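Below you'll find the structures, each written out as structure tokens.
Next, two complexes with chain A in common: one pairs it with chain B, the other with chain C.
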Partner chain A sequence: MRVLAFPRNVLLDPEALKSYVIDHATVYFSIKLEYYDHDEIETSTWLVQPLLFLIFYPPDNSKYIYTFSSEDGKKSCGISLHVSESPRSTTNSIFLNYCYNYCYIGSNIYPSTFYFRLAKKWRKLMELDKASPAHQTFHVDRTADLAISNYFFFWGPYNNHAVYILPLSFSEAIINEEPAMLGKFTHPLEFLEGENLDPLSELVIRRVYSWISDLS
Partner chain B sequence: MDFRSFVISYFRYEEKKRTKPLPSHPQLAFKLPRISDTVASTCYYPYIEFFFIIRSGFLALTEEALRLSEKDFYIKLSFPITYGDYAAAMCLRRKNSFFHESDINAELPPPDKLWLSVPEIANNSSDMDILCYILNTEDHLSSYASCSLYFLKHLYLRFCRITEHPYKVQTLMTIQNNEIFGPNSQYTFTYVDKPFKLCYVNVLPAKLTDELFPLDFREAHPRYFLEIPISGAQFLSDDDFGLRYCIGSKYFTLQLQASG
Partner chain C sequence: MVLSASLVRYRVENARFKVAHFTDSLSNTYSVRVEIFFATQDGLLAFSGSLLGFGTNEWYFKLSHGLSYGDIYILSEIPNPNDIPLMHNGDYPPWDALWSVVSCPLSNEELCNLVSAECSSLARLRIYIHNCFALLLRHLPSRLRSCVDAKYYIQHTVNLHGIMNHIREFFYVDRNNCAVWGFLIPSRLTYEFLPEYLLADGSSYVKPVPLEQLLLFAESDLGLNFCIANKFLPVFF
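Then we have the complex of A and B:
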């Protein structure tokens, strides 16, 4: 699988980011990005792979999060996806078209609005596979969250993944079809106090849980 | 139960269950609401933290500059909020009196008893009714900004007294007046640390760091500072949630903003 990656300094140095945008800009304010073989760059310290972490909230957007067991049996609160080169890629990846805002060149590269459907593997893990396909499709219009400067933290043994967190809400329809899903929503603190946590999920929840709003 | 009644009841509960003599100001603690009542509720303790960004990474202050006897250098300054600190910060907020030129001449309070510098609190430190009254009549959400100003004041005063650096009241006032430490500010974020810490983080951008700790002073007194490049900070962040999130959530966006 070929995945999107940026030179590390593009995600840390404003001048490097501006140079990158200028060098990769094409017509109509889009960006020609560079993709690499995942296995070849997984241990690279120079290239950093964007990783989208999807968190799922109930339809009423309350603070509870959807939890499930990941492939290795650990307790997880979301799905991590690389950005792939091909729209047909289905394995742990998502395809995005990136563009940039001319007014903020160098500081605001973001994907345009997109729809996606979870891969079968994830639908099974999340026990979404029984719901009708139309209700398994997610529309994302808060793409500014995915502007390349808006990552939450670096992750991995080589700190070579930049994690972007994307909150999504299940639709009422999908909950109506699968009412058992309601029992899988957990308060972030209960999740953190649990055992056998997926390490990336733990890092995400420690950062996104807004304890201050729980106290006010 | 709202926060105010919660704090009162929790405070009284803590008083009742103690078997040992009461320390003058125990650390503030919360039991946060959760989805299930069957899970034993854990106490969480709030902390105020600071990072100082510079053009090339982070500015750490050395032990020689702060004499806190905890580490060789401090890339992150972290303060637990005790009831005394909380009450003292609220007291300063009511009087709108965080920063004065004359602060530099006052006696430095011990690092673990900073509230002794506020006479209203120091003189009534054993009066729990007064403390409870102060704790429960303040707006909770913005209280973390006040606690942040309070701890920055003491941190900076300590630094200035030890290093004989001028106490830059105007810069501190700029931070206060522009609500740099407000809960909705782009310079703050929160996270949950181990074990059971609720952290409210303030990130000083390079411009303010340079005003508080000017470049010429840093060059003249290198023993007080450690400039940590972003690559070094990434290395250190493996063992520090706060630093990891600061690099990710704030460092780059603030540098981008500064670069125009």
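Then we have the complex of A and C:
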């Protein structure tokens, strides 16, 4: 699988980012991005891969998050996705507007569309938009909901993943139609007090849980 | 038992953060900690263990302080942190006992009631956290000045109203059951608090650390990891 990655200095230095955008600009005011073989760059220290982490909360109560056991038996609270190259089809993929209004160069960059190809184990969970069965893609009301606004932290032994956390409203009843994904909505701290946690899920909760919102 | 030295703790009840009674069990309770990071142009400042006087590390990337019952008392009695005396018998109080410069006449139960009343709402806690932040900011340059040379003039007051809009705040829960309220001071303000000539003279106590070196510590230090992302990773609109 080929995944999107940026040279580390491009993500960390506004001037380098500006140069990158200018160097990769296309005639249509979009940017041509570079994808790399995932296995080859997984241990790279100079390429950073954007990583999207989806977490789900019930429509009526955003304090809780959906937790479940992943295939390796660890307790997880979401799905992590690399940004992949253009999909062969839109089925089993979601798309993301990476950015528009590029703040560092002060001019508009038209939305670049990125595709997240889903592993088989996640497909059932994501094919739940009953309103648009023909597309069978993960659906949100507005594409802007999937726009990366800022990254939350670095991840991995080489700090070569920049994680963006995306909370999404989800119905427990719908999720539970897929027995393999059977889980429950849990308070974030209850999740952290558990054992055998997926390490990335644990870090996501520690970062995304806004404890001040649980004060009166 | 001196309750002033105890950390204020919270427990979660019905998905709400409630102040725990000081006699409650500590299991599944969360203390509150203030963490302050000082940005430079290409990294963060690190402070020597000898300057800060806490812990066993040689260098620290942040000023870290757990909110105690004593802190709440002095900050409730003296709402302006600039009015709190810095020194006691000519010495600086330990970082984890800033409250010890003022004696607390309250009984443990009275102090507990005060903390329960003052720390239960976000609006009130925010005031205490921000005042605690200001108190810590006021201590740092004074201690550095005392280490290097007394000739420097250091501004001893911190005007929160003038700077809070420029300081990034972030929140997380660390692996030691601390609910952390983090502050990232931009480089421009860093050099207002700690002028470059003072940093130059105090290089044994304070040093800039570039991002490449900070990343080596980012996996073990959650606050540092989140702070680095906050400062360096791009923001899109």
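The criterion applied here is as follows: the second predicted complex is superposed on the first by the 146 of 216 C-alpha atoms of A that agree within 3 Å, B and C clash if a C-alpha of one lies under 4 Å from a C-alpha of the other, contacts with A are read in each partner's own complex, and residues count from 1 in each chain.
Throughout what follows, a contact is a pair of C-beta atoms (placed from the backbone, for glycine too) under 8 Å apart; a residue touches a chain by one contact, two chains touch by 3 or more.
Computed from a prediction, not measured in an experiment: that's the story for all the values here.
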Q: Could you tell me if A:Phe185 is touching chain B, chain C, both of them or neither one (first, second, both, neither)?
A: first
Q. Is A:Asn159 contacted by the first partner chain B, the second partner chain C, both or neither?
A. both
Q) Who does A:Glu15 touch here: chain B (first), chain C (second), both, or neither? A) first
Q.
One more residue to check, A:Gly73. First (chain B), second (chain C), both or neither?
A. neither
Q. Where on chain A do the contacts from chain B and from chain C line up?
A. 11-12, 14, 17, 64, 149-154, 159, 162, 187-190, 192-193, 203, 205-207, 209-212, 214-216
Q.
Please output the residues of chain A touching chain B within their complex, sorted ascending.
A. 11-15, 17-18, 64, 106-107, 149-154, 159, 162-163, 185-190, 192-193, 203, 205-207, 209-212, 214-216
Q. Chain A touches which residues of chain C in the complex?
A. 12, 15-17, 28, 30, 120-122, 125-126, 171-175, 179, 181, 211, 215, 218-219, 222, 225-226, 228-229, 232-237
Q: Could you pull out which chain B residues touch chain A in their complex?
A: 3, 30, 32-36, 39, 42, 44, 140-141, 144, 183, 189-193, 198, 200, 230, 234, 237-238, 241, 244-245, 247-249, 251-253, 255-256, 258-259
Q) chain C touches which residues of chain A in the complex? A) 11-12, 14, 17, 63-64, 98-104, 147-154, 157, 159, 162, 187-190, 192-193, 203, 205-207, 209-216
